[in-house]
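Supplied in structure tokens, the structure appears directly below.
When the chains are written out, they are named A, B, C, D and E in that same order, and each has its own residue count from 1.
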Amino acid sequence: MQLAKVLGQVVSTVKEPGLARFTLLLVQDAGGADPEQTRGAAYVAVDLVGAGIGEIVLIATGSAARVAAGADAPTDRAVVGIVDTVTRSGRTTYRKD
Amino acid sequence: MQLAKVLGQVVSTVKEPGLARFTLLLVQDAGGADPEQTRGAAYVAVDLVGAGIGEIVLIATGSAARVAAGADAPTDRAVVGIVDTVTRSGRTTYRKD
Amino acid sequence: MQLAKVLGQVVSTVKEPGLARFTLLLVQDAGGADPEQTRGAAYVAVDLVGAGIGEIVLIATGSAARVAAGADAPTDRAVVGIVDTVTRSGRTTYRKD
Amino acid sequence: MQLAKVLGQVVSTVKEPGLARFTLLLVQDAGGADPEQTRGAAYVAVDLVGAGIGEIVLIATGSAARVAAGADAPTDRAVVGIVDTVTRSGRTTYRKD
Amino acid sequence: MQLAKVLGQVVSTVKEPGLARFTLLLVQDAGGADPEQTRGAAYVAVDLVGAGIGEIVLIATGSAARVAAGADAPTDRAVVGIVDTVTRSGRTTYRKD
């Protein structure tokens, strides 16, 4: 899974029915030494865990996103966890407030 | 899903039968701070929502594209939503005209 | 799908049986403003449409390649269409001779 | 599979039920001439082999991660092996202590 | 499929049972004008064709690797062919000795 930060939300009225039941979150990858530092292009993931803006989350990609979202959901990204702590070599580099 | 902008269209007469029922859109990723700014190489996605040129759309990749397009469609990219608004930290950074 | 240009061919005598029935084409991605301009590393795709050298084609990647090539074909890339025209914002940027 | 180094651990209390039975390891790709030299962003993989911090491991990505972790596990990365030795052109470039 | 060069071998004693029957090859992508010139990080693929060090091979990625290796093999890369020749625009740029 990717570590990513929730930036905001995307609204789409005209969309595939299989996406209708989800909140669409705007997220950005965050896997550097400082997990709050994001990088790369933002993308969109369906929210499965009730994540809030600014939180560091776990993103499942590819078919793994549909294991959780449902096989009929045409999504390739899903938020599957909210991160509490990240530890590197015994040192905590991120802790959720 | 990726945020992308619809640039135009691709016509292919000699193609796999499973692609015959779709419009093939030329799109380019658009996930920067300004969602109208595109980047990277253009690619081709089957249109499932009737997207128009210049619109910002949601692209499903991999097997997720076939959840919506049909399991017999040999495509790895599909347009699965037309974006109305993108919001970052409470501020609207894109709004469809 | 990716836009790509057919560069040539690859011959492999010792290979998985599921690849035996295909011509293996050497292709390179081509999705810039000029679709004849290629970029990145060349790769190998099974030919499903009788594409010729120099043609611009559509490449399906991942499991989509096997939708067309057959579920028993151990390939992750397939040529699924020959491109006639590419149009950007109403202007034709590529036309097959 | 990717060669990667185990950096640490990620804790997530609010997560998909299918992830509950796994330790979530923080890993980073390591495929250069010196396998102890890592590169790129860190990411998260479920641990299937009891890997320890600092070890070089094999990471399966995509649906291959679920072959080992279980089809109901919404993960796209799994640690599927602990590397003992890496040999290049007959020369051992890495040996587990 | 990717063109890649076989660099060496990886030994892993503690690994998923589904990997036990395979030789694990260390390979590196090779898709430039000179197919003997490699680039990028090295990675690990299961050997399905008896490839030797220094040979140029075809690598299947993703679920295609399991079509050949067996559905129970937790691998995302497999060597599925040994390349005899690569031809670009009618000119042979690689020939196996």
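Just so we're on the same page, a contact is a pair of C-beta atoms (placed from the backbone, for glycine too) under 8 Å apart; a residue touches a chain by one contact, two chains touch by 3 or more.
Please read all numbers here as calculations on a predicted model, not as lab measurements.
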For this session: Going chain by chain, each one touching the next, work out the least steps from chain A to chain E.
Result: 2
Problem set entry | Shared chain contacts [chain C and chain D, defined touch] | E
For this session: Averaged over CA atoms, how far is the centre of chain A from the centre of chain D? Could you give it in whole Å?
Result: 20
Exercise. Quick one: chain B and chain E, Cα centre-to-centre, how many Å?
Worked result: 32
Exercise. Counting only residues that touch at least 2 other chains, which ones in chain C make the list?
Worked result: 62-63, 65
Problem set entry | Pairwise touch network: line, ring, star, complete, or other | ring
Seminar exercise, completed: From chain D round to chain E and on, the chains in turn are D, E, C, B, A
Problem set entry | chain E residues touching chain C - in the complex, by the definition given at the top | 1-3, 29, 31-32, 39, 48-50, 58, 60-65, 67-68, 78, 80-90
Exercise. How about chain D: which of its residues touch chain A in the complex?
Worked result: 7-16, 18-19, 24, 26, 41-45, 53-54, 62-63, 65-66, 71-77
